Amino acid sequence: MSAFPAPTEDARQGAPALAERYRAVRARSIALAAPLSAEDAMVQSMPDASPAKWHLAHTTWFFERFVLGTRDGYAPVDPQWDYLFNSYYNSVGPMHARPRRGLVSRPSLIEVLEYREEVDARMARRFDAGDLDEDAERVILLGTHHEQQHQELLLTDIKHALWCNPLGPAYRNDLPQRPGRAAPLRWIARDEAVAEIGAAPWPQARGFAYDNESPRHRELVAAHALASRPVSNAEYAKFVDEGGYAEPTLWLSDAWALLRAEGWQRPLYWHEDGAREFTLGGWRERDPHAPACHLSLYEADAFARWAGARLPTEAEWEQAATGVAVDGNFADAGALHPQGANAGGSGLQQLFGDVWEWTSSAYTAYPGFRPLPGSLGEYNGKFMSGQNVLRGGSCATPADHVRASYRNFFPPTARWQFSGLRLAKDPE
Amino acid sequence: MSAFPAPTEDARQGAPALAERYRAVRARSIALAAPLSAEDAMVQSMPDASPAKWHLAHTTWFFERFVLGTRDGYAPVDPQWDYLFNSYYNSVGPMHARPRRGLVSRPSLIEVLEYREEVDARMARRFDAGDLDEDAERVILLGTHHEQQHQELLLTDIKHALWCNPLGPAYRNDLPQRPGRAAPLRWIARDEAVAEIGAAPWPQARGFAYDNESPRHRELVAAHALASRPVSNAEYAKFVDEGGYAEPTLWLSDAWALLRAEGWQRPLYWHEDGAREFTLGGWRERDPHAPACHLSLYEADAFARWAGARLPTEAEWEQAATGVAVDGNFADAGALHPQGANAGGSGLQQLFGDVWEWTSSAYTAYPGFRPLPGSLGEYNGKFMSGQNVLRGGSCATPADHVRASYRNFFPPTARWQFSGLRLAKDPE
Amino acid sequence: MSAFPAPTEDARQGAPALAERYRAVRARSIALAAPLSAEDAMVQSMPDASPAKWHLAHTTWFFERFVLGTRDGYAPVDPQWDYLFNSYYNSVGPMHARPRRGLVSRPSLIEVLEYREEVDARMARRFDAGDLDEDAERVILLGTHHEQQHQELLLTDIKHALWCNPLGPAYRNDLPQRPGRAAPLRWIARDEAVAEIGAAPWPQARGFAYDNESPRHRELVAAHALASRPVSNAEYAKFVDEGGYAEPTLWLSDAWALLRAEGWQRPLYWHEDGAREFTLGGWRERDPHAPACHLSLYEADAFARWAGARLPTEAEWEQAATGVAVDGNFADAGALHPQGANAGGSGLQQLFGDVWEWTSSAYTAYPGFRPLPGSLGEYNGKFMSGQNVLRGGSCATPADHVRASYRNFFPPTARWQFSGLRLAKDPE
Amino acid sequence: MSAFPAPTEDARQGAPALAERYRAVRARSIALAAPLSAEDAMVQSMPDASPAKWHLAHTTWFFERFVLGTRDGYAPVDPQWDYLFNSYYNSVGPMHARPRRGLVSRPSLIEVLEYREEVDARMARRFDAGDLDEDAERVILLGTHHEQQHQELLLTDIKHALWCNPLGPAYRNDLPQRPGRAAPLRWIARDEAVAEIGAAPWPQARGFAYDNESPRHRELVAAHALASRPVSNAEYAKFVDEGGYAEPTLWLSDAWALLRAEGWQRPLYWHEDGAREFTLGGWRERDPHAPACHLSLYEADAFARWAGARLPTEAEWEQAATGVAVDGNFADAGALHPQGANAGGSGLQQLFGDVWEWTSSAYTAYPGFRPLPGSLGEYNGKFMSGQNVLRGGSCATPADHVRASYRNFFPPTARWQFSGLRLAKDPE
């Protein structure tokens, strides 16, 4: 009997396509880790971040634990790794303390890569044998999306790690830089309307979506206007230069307390020289046309207040994004940094890619939300407290990982993601 | 020229009524502090709480600073107290650090009471002179509501302070206890509907409401059901007894981490003997019929999950409360503790009074929200981060202080308020 | 059978003299607390300090617990206070957490004063009855010395508490100020010698001394020189003005880390205006001739290094003080602040009184040290870690409480005692 | 002109011998690091510990900065490493924060090994050229002793790092284990005497000693007895089994607070199974005959009190060790773990090697102490606060690094060194 709810339509993705997706995603992780030495892959620069080696191992553990390991008598590659590479699934047992992931010199990177190969080989045998049931196929599909999330984290975590190194080394020295030109900001207004928000619950419905995106439901979205593009570096620099970080009335109370305690004076990776910023390609001149990035919600909110505007709600954002092609500066483009869009077009620019856009919406359950059954239900629901939703994906997100209904979430203090903002405003 | 937006109707409360309200609210604070010794009035048992003396002084400072002090040449009662008794108005100058309020032995309680008398006398002269303009009248009205909030905090803060004392002394030994009988819990269902939520903005509209309650706006409320009454002590005790505090899958991730770090095993004021709880009347037998109280959002949320239900949204709550008489076990009743309702009636019981009801809604701005102008704009808006909304007032709230649109807010960790919950659920 | 070692000589102090001492010491505590309101007496401004009310209660508890309470069937004044007013005697049961002493509004100051009266009355009956055995007499004598220590702490703790108040109130407004004139600093040299250090163990020997002062033993004291008087405010101000707090090579490693973390730039109670200091009489002009005060060991050590000198060892200090009359600016003089000595005299000035003098000696056991038996053995020995010895008493010490062998001890970070320094140096 | 004091005798070690010592010490570091992967060499398991890679780089930096770099126009191997690999020399510039050493993935281990080779090559050219002046030779000799200290830390730090890994991997799997048999403990008494303690100041005197060991001076050592050997695992296990960790009266006040806060129940590396301990060879059966190890001063002190004894002073220890051959279970023996001595002999056993022996002596300056001139004066003196002296070297100490006058020092909380104890007692 399936642990999942019964599909309401034929939602089963073809097994060959799934095997191909599995191989592609798994290979992409290896490619992302390729520029890293074993030492780079071990750095954990803060409790919120994880070493690249851990990301490589944990995503593999996911398949071993939830696909391979569900068969009676399964012999794990190494039984001790269940403890080491569990992230937060309380229901499947105890786990290694998160802030201590950077202390694990053994297994080595090479052993972790061999672990990946072994699990991939076992998975390939299962694919070849054709004996994966529907439940297993669903977990595999979920696992590839899970791994894509960790691919983005691998990039943001290693960026933070390298930035912590006084030598300021680059993740890669060959990242392309394409100049853009930010178009003047326009406001695109919309009247009050009932919008259909969210995704139909997977796996009952065919298309994959996380449980937190469902059920699809109706929301009344008040009249408002959205900015035509994200806030640019030039615009954010003006906020900094005009004393935005010194004016308490612009900041939420918690934000002001944190800013004072931490000494924030500019976005996380901006150099105090006022000109450079740290990128996955090392220290570079900041492009005034590119979207401002590595902002906390607190900074995005303060900027919006300074600008006489506000952050959009996630419903406003999704309503605007519905039907828009998921196209933009994603990780696949290889820049791994936000870029200025080329001017032109009458619609909303850069909704997808470049920077995750903070919304004013707290990350909570949609009406009628049901977590996935069993351990996989720990995936999203238990984080519905103290976080805000971000939308649209970034330059570090795989292109086939996001969609209009996708809900990313981080605490309002988080700055190490590729996070920026798009302004919204109420009618006068 | 008024700093406030122009009223859209004749919203001016008559001056005599305002003077009377001022006198009544001010007298009520004195009455609440009467059972306290000077020493009791100085205890600050945690950074979140304030000494009773500080509440008495700060609410007085509010009138002196924002009403009396706006006249040119005003001579303050004591210029140094502006620093001591400012709470968080960054725009009016520096302030004494909140966690150090309990160190202020001077001015003494007697001096603070004299300060109150002097400010009240000055206010009376202004009322008598009839020279208060509309702006001043609005600030005074706001100031009385502000003081009522502090009246509730005075009670919750002194309760915590006395509980910290190993002797467990009572605030008052003569508090009445009225037994009730909790009716069986029923579900009251409602179909999807567009609801009018919130209050018209004051002072443009006649009725007082805080800026965070406006503007009045439309929300689509999905079909759902609300429980007929709050969760009772008996029901919550079952959750405790059946291991609710030991089961990680019932708790939000942040909640579980906190529960482990702090060793939570039951509500804040429940005795480990399983039978008693700490009240403003000292240690007493817990009444199984009374609403469960002093729960954090985390505990309310975990209980709801355990019960196969969820917390209501604030829109669901307000929709249900609209048109319901604001009647219940408020501070005016003198019990200062939640009580079991008497069974009977077909509607929603105890919506108002007894316990603040946690909602799943993060405390954020309504669409089109505008803070009050100037310093008073710091009152509500800057706290719109990291907190959840509670509705309905408690046994420590003045009866004429709440309304259906009233939004109280506290962090999800807060337990020292009279906070409980009412269950909600989605259609099957 | 006595719990104490048998006396080796007739060390029993006459009972009438003991009763008189008891009365005098107990009355002195009341006199010291007289200027304090009930609110003042409740402030605990940091975990290291205690409220005056607690000092008054704890010193009383000592007599009730260790004298009155040793009789079978003794009915305590209030059994709950045993828990509240135990300080650190693990062997007599659990105790209230030290940092929470400031939260105890009840019992009130008045109740504590009544507690003192009741215990004093019970003690008087025991004195009058003449039924106190030798052990009890010893504990009483110890208890009076214990209370004298708390008298000094009451003063240093209330000074800190009042300094924390932004209003900067005085403990007393009538404290006399006597100007002095610091004589030029001279060096008084001494050749290598074997010195007799310490006191004969009490109660075997007649004269009272704490257990940590014994046994009397021989130490080889190397050739050295001692400064003729403590370092003055003028001298210490020069160190501050010439950048002493900004030069890492002057400071111990732990000291430099603390100074940076805490932002130390001058002694604890010096005003940033460079001219005033906080005293028990409120903010006053600093007297350049008075001994520098409220220095941590770290500051005393850095000053000495800057001055090309060092701190004395406790053996050097005691050797110098042996045979010197215990005379100086003690609490009995009523100034409650260090004062400049009048110039003149060829010997060592101000060895006793004014300021406790930091020594370079860690507080450890003398060879052959034996703690007192039973619970009273917790008095001194268990603190022999992480502290340094100070010698000579201060302007807040009762004159009949100190002696040449007296060892006071505080952590190297402590600044709120009346602590200064006298320089020493090695032969060229 | 030499920065050092003029030698009072011909203290210059022959240049060829110095070059040979340099080569041997440098090679030994490489040998110690050989079992470590690049990942192992990067782990920093706590702020007190450093990664092996950092030890390898820092000891090299010492020679580059203080020998090679003193010549005008010297081109450093990499100028940025001056910042990265300075440990605590405030006088030579800013430095990388100690707790962040584990984040430095670049330079890689290979680059650090190449850095070592390059500096060694440059040093070899200077040795070959014969142009090193006396000052340089002194710094080189000091540098080799400095590196030997770091060799021991490399071992204790990697032991801690591997212990933190849930897999419990071994540093080496081929470490020899030699069983011994602890002789019955005997007491060796000594009468009061004036002892000559310490070393003549280097480089004025021929033999190398750290500045903190000098000047040689006289101390009066009271009559006492020393145990014939260190406390054994069997003896310490009895203390654990009989509830030593649960009895507050055995512990210093600071110790008891720490023990409760940290949950200490046994020595750092003892397994809760009661039988095994963690060693550089992984988890092993504990040898009851071997000296107890990885004790903090607090634990050593509590054990001594439980045993009716005390810790020795450093003067007692040095007096006993004077004239004793520096022979024992040092790092050179290759066991890298304490071992039981073979019974027999009438004197003091295992004074040298096996475990550092805690003394009751605070780490302070000897009378007449003078730090080395310049930056090297930061080596020892500034740590003379809050630490205790340990004597005799351990199984991780190079044999030619210690001597009777050698003073090691650690805070009383430190447990990750190979630290044990020898009992002492006063005459009855």
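Here the chain labels run A, B, C and D in written order, and each chain numbers its own residues starting at 1.
The rule we apply is simple: a residue touches a chain if its C-beta (ideal position, glycine included) is under 8 Å from a C-beta of that chain, and two chains touch if they have at least 3 such contacts.
Keep in mind that what you see is a predicted model, and the values were worked out from it rather than measured.
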Classification of the subunit B:subunit C interface as same or different, half of numbers criterion: same
Furthest chain, CA centroid comparison against subunit C: A
Distance from subunit D to subunit B - Cα centre to Cα centre, in angstrom: 60
Centre-to-centre distance between subunit D and subunit A (centres being mean Cα positions), rounded to whole Å: 47
Interface hub residues of subunit A, defined as touching at least two other chains: none
Contact footprint of subunit B on subunit A as seen in their complex: 88, 90-91, 192, 194, 217-220, 222, 224, 248-249, 251-256, 297-298, 301, 310, 313, 360-362, 364-365, 367-368, 377-378, 382-386, 412, 426-427
Residues on subunit B engaged by subunit C in the complex (per definition of touch): 37-40, 42-43, 45, 80, 83-84, 96, 100, 102-109, 161-162, 164-167, 169
